[in-house]
């Protein structure tokens, strides 16, 4: 008897009960103000992952040895951000309730807020490690407080001062940098300072939400994103950094902002797949 | 002394006071559920119009002989459709108050609702002539009532039965066609029946809002749109039809749903420019 | 408990036991001599089908009222055409054995041979209705007898004279046209003659395999294919023709030769989805 | 001993001495005012012609039965139009001197002037048959008299009134249409009137230069050109028309304005190849 | 009363009288010998700049604190390079006469000659700092002395020996390198030697024209240009170098050779915008 | 008398008899399992090489001073890998028999096997230097032993242990890395260890086949390839490495895996041209 067509990220073939890690996609970009298309990111990553190997020579590990379940994409409402965020929060909560690690694939960066809300409810002493080109600390964007450009500001509303550790930031309004100096732990342009942050979080076993806006990468290697920003980090540095972060107590994670319509060569999608593979291998034990 | 850089749709160089017709753009596509990018339509149409002549051999008229003012694009909020619609309604109202004809360039089709609200307030006996591939008569789309897929349903909420005349429709849910049979004047696949509708409206001098979703065109000549639908009308038929409609008492108009990111050849943008030129010439006296 | 990610062609959500029709994809283009990429056709059709409605205003039918199962794509060997054909034949045979109708999504046109072999074994009096721009009647192509350019010749090897009915053909070597005149029922450029063929087949209840090379369509509406050939038929004619053919006793069918890499606007994929929807509705009872 | 790499338009493998027809390419687009790239047209046509068959089922003729030599592309100076035109005139003159038919592949439309100058010197009673979307009758374009937009005006300078027969014209300044009414034989939008023109020219055995700006085709089937203009003719009508024209005494011909950079699907290049094949077969005896 | 649509580079909203710096665009690429399209560079930079912030975290400065006026694009003649250069020279002269700094956005590199002529007339002791992948020192290109490939040679005709300081050069004919060794101050592959040059020019307060051919950047981060040349400098090095150069007495500047048609991802345009922002901030006091 | 159109890689204009080096192209990608198109690599490299200079400032050498003959592309059978490999082997053998150096332009990487077979027959003590992102050491791929993913394994079948020196490898199945540890001289991620390998081979004057899969480069600078793999080497390192390798006794060489359909900006093709120029200059004496 023939089977239906199941599509999962490569090597993520565990069933839900036995899984330690649960993937889910959030195809949403309704607040993207410049070039849209991040809604297609999660689906493209899953679809193109079959061009990747399950084995990583960097970590000498294989996805087929991990227990990961891919639950597919949510169906999210466009034009009403709050509804979409609620659905994301619900999915993350369900995974957390079953004591599994939620790993989300965006979508625009606003989706992180849904997942952080769920994780924060379970872990009120949560810190966030945030890799991004943009500070995302605006209070509102053209009147909208639920916008990709405000997502870290909304997270700060929840977590308070000095619990958001930002790296590679190289773009923002002047006011965002002024805000960051007072309220977040911001590191411009690079991963300088990450060793210290990781060591501190690791020693105190503080729960960490890890969000990677893929546009922290240099647009030379990751051009397929809504707002590419020259002067980013190379892939090798991101790889080293994420392995480093995986030594902390990660309780939730996401990658976001791949926009496949802007990726005519397919390289950005391939890079996103590889980052996700390495992230999954790094947080898998 | 050097002048600033003014960019208008070709030949629309009147000043506001002397203008009969006022163009404005509505770069909004936040509710687009499939492939986004219509937000860039109005800007692309203005920008690429310099590849077009101001003279039409079809109507033997020249835009430089008309009095048209291009007021540029609104800056619209993403992620909160109601806010964007309010801004659109305000712009259309201002133009109507000054007794000029508002001609809007979308954006996704939802923007039509903002403009129709303003026109309807001034002309409560308004009818709508609607060219489109899609019925746009859903009651809601994934929970959102303000969605491109619902825009004619929202217009029907305002105008009531038998005042929306739909042509070229070839896609929709079964429920939409059932609704249309009872509540709108729907014409499938083609412009069949347009002559009668125009004659009726013309004779009674009923005020008409004219909305052209450019995807009524066959995707062969208009591929650059979010949801292309095979089996559309050729350019020549659309041209004939719009000239026909211009014989009615048009009190507001728009074209919408060009998505330039999906138009790698530039043909769809060129077609949109030409449709707009012919529309402006047709409604200009 | 979360569910795995099942991806089917829109509205094809029956389970296998209850299905009348079974879809399967054959991602193969290893013999394509000009521009490759048809291997991605079946996956793109399934993936992009969610931009389509399940309801057809042309046939006034809805896919959700049919019993169709989508069994996903085969994993086919590249570089050894015979191996791939064997796997295709096996899949079609399994479906036929269970008394269901196999509908295949290519892939390059050579895949039809695998399916025809299976169908022919069950129905030795089989005829083929073949829509295509190309005659596909070469004896070999650069030494390969299993080539997309030879597929109808190989089918003729099985079925013999006057059982292959070819329509819309507008390209081929001189020798192919000479061969066709003697051995097949060829109709150049259009669907002229289809009425008679259908009537004959329908009256005798002859089993029919129906293969649609989508490049029979004009490249204006179907540009995303390896060897586009100007002068094809418009979508509306193909639609009429396929509904006509559905009145015969169809025992197997396929559509093929969509190459999504060549379809930057997405229109060709949308057209392919619509053709498949109409085909499924037409053969569903 | 290995041979060098000769690249010719498919089936044009005669040597120069025995050839009746000589092809040459003119990779020039220096005066193109809107979107450039026609310089790559001739090379793309030659290169992609191997995706075409040498046999035409429309004319039941085969290029391999004709005597055609492909002399490759000229190397033309950019930024100085007069120099480029001189080189083109020289090449055409050399071919005419050897009593062969020059068939040129552009390039932007200005290249026609070089070829017409050579042909006109040999045949002072020359007429021109001109298929185009644009009238090309401006006196100058931003100060340049040697511009693609002026090419037919420059030809009129040579030939005088009523010897240029224009078809499919649907774009131009008002002044161009006024000029045309007095000085050329202009036919708007279609091939209406071609029968009469051909009959007249054929009966008087007047020498004819035949220039096809491929943008006379509808952009649906020929999008890859600098200034696409909706409302053009379909391929089948162009095919019929060019076969008709071939009954006159053609002494020079060209096709032009393919811009491959704007042809991401490759369809326009394939169409141009097919038009050239049919043209060569039609003028070959 | 509604206002017309003014489009300026982001944050350049001063009026002309109060401006210190005046931007102007030169949409010209008529002599480009390989892949054209730089004509669209200036317009794309202005248009896409709204995806950028006005604030630079690199220089801790904001464009809204500067006094910059954007005078839009010139309308330049194609096919006659000398005419275009004259218009450019006139524009630069007018700005210089009003004691403002002209900053030009190309266009192909030949446009620099127009601007340099104007600046040189005012500052006869002018030096040029030239960042580029190509030496641009040919005496002529296929007979044309006014060609992008000759622009620095023409500047040398004006300024004489040892006043052109070239960096990052990695492509040219052998003869160009031989010429450079005798007549210019050439630095291959990198910015090595820039410190010394800047120190010398700064101390002597020599007036400097600063021209950045953006293809000095590595094609990984700047692919959208006519003649990409592997082995270029990363963005961070260009940024450091341009800030360094801004310490000299800059009396004219330009960036050039963005070809947006070749920039499907939009990254090159975003990079060009960022380079221009940083250049404007650096030369603004 | 006009000449036919000869197209060679730039500067490779020697005749066969006098040539030291003979280029040939192998347009084959029939076993490519992920994204096809490498078949067009050799043709694109030849065609686009005219955008390159013949002079290298890196090596201070000029192609016009070398004796290189370009014999064009083979016509290879698709769908039967063994037939294609035989034709490649024959061509390489013919060149070797005439005591010239065969330099092949792929095509997918499997083509290397054809050339290695010919070279190995003449030089049984052959070693291979292999630059690649992928180990290419699978025993079979979906049942096919002649697959791009197996090419180095097939070479190992011929040469035996420790004669294949692999660099920059960063992708493969776990089993490939296990195999490599025992049987090949593998170097992960970079060119570390190349100095020692070159010194050893140089001193013993061991004949070397040098194969460059261009995807060893980082996808930032070489995105146009079927399976891009982040974390590659920059162009400058590849350049240094290939000059180093040229000090050994090279008896055959190739570059492969450019897929121009995936290179919308043209940068990858330009990079491939430059690598080939540098390789030809390096091995030319």
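Every chain is named by a letter (A, B, C, D, E and F) in the order it is written, and numbering of its residues begins at 1.
By definition in this document, contacts are C-beta pairs under 8 Å (C-beta built on N, C-alpha and C of every residue); 3 or more make two chains touch, one makes a residue touch a chain.
Quantities reported herein were computed from a predicted structural model and do not represent experimental measurements.
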For chain B and chain C, chains touching each: A, D
Interface composition of copies chain A and chain E: same or different, split at half: different
Most widely separated chain from chain C, with each centre as the mean of CA atoms: E
Whole-Å separation of chain centres (CA-atom averages), chain B against chain D: 38
Rounded Å distance, chain C centre to chain E centre (Cα mean): 55
Chain F residues counted as touching two or more neighbouring chains: 35, 218, 220-221, 264
Chain contact topology (line, ring, star, complete or other): other
Pairwise chain contacts under the document criterion: A-B, A-C, A-E, A-F, B-C, B-D, B-E, C-D, C-F, D-E, D-F, E-F
Footprint of chain D on chain E - complex, ascending: 29-33, 35-37, 39, 75-81, 83, 141-144, 146-147, 261
Parts of chain D lying in touch with chain F, wherever the complex brings them together: 1-8, 16-17, 22, 24, 43, 46-47, 69-73, 94-95, 264
Interface residues, chain A side, partner chain F - complex: 50-51, 53-55, 57-58, 62, 218, 220-221, 235-236, 239, 264-267, 270-271, 274
Chain F residues within the chain A interface of the complex: 34-35, 169-174, 177, 188-189, 218-221, 223-224, 227-231, 262-264
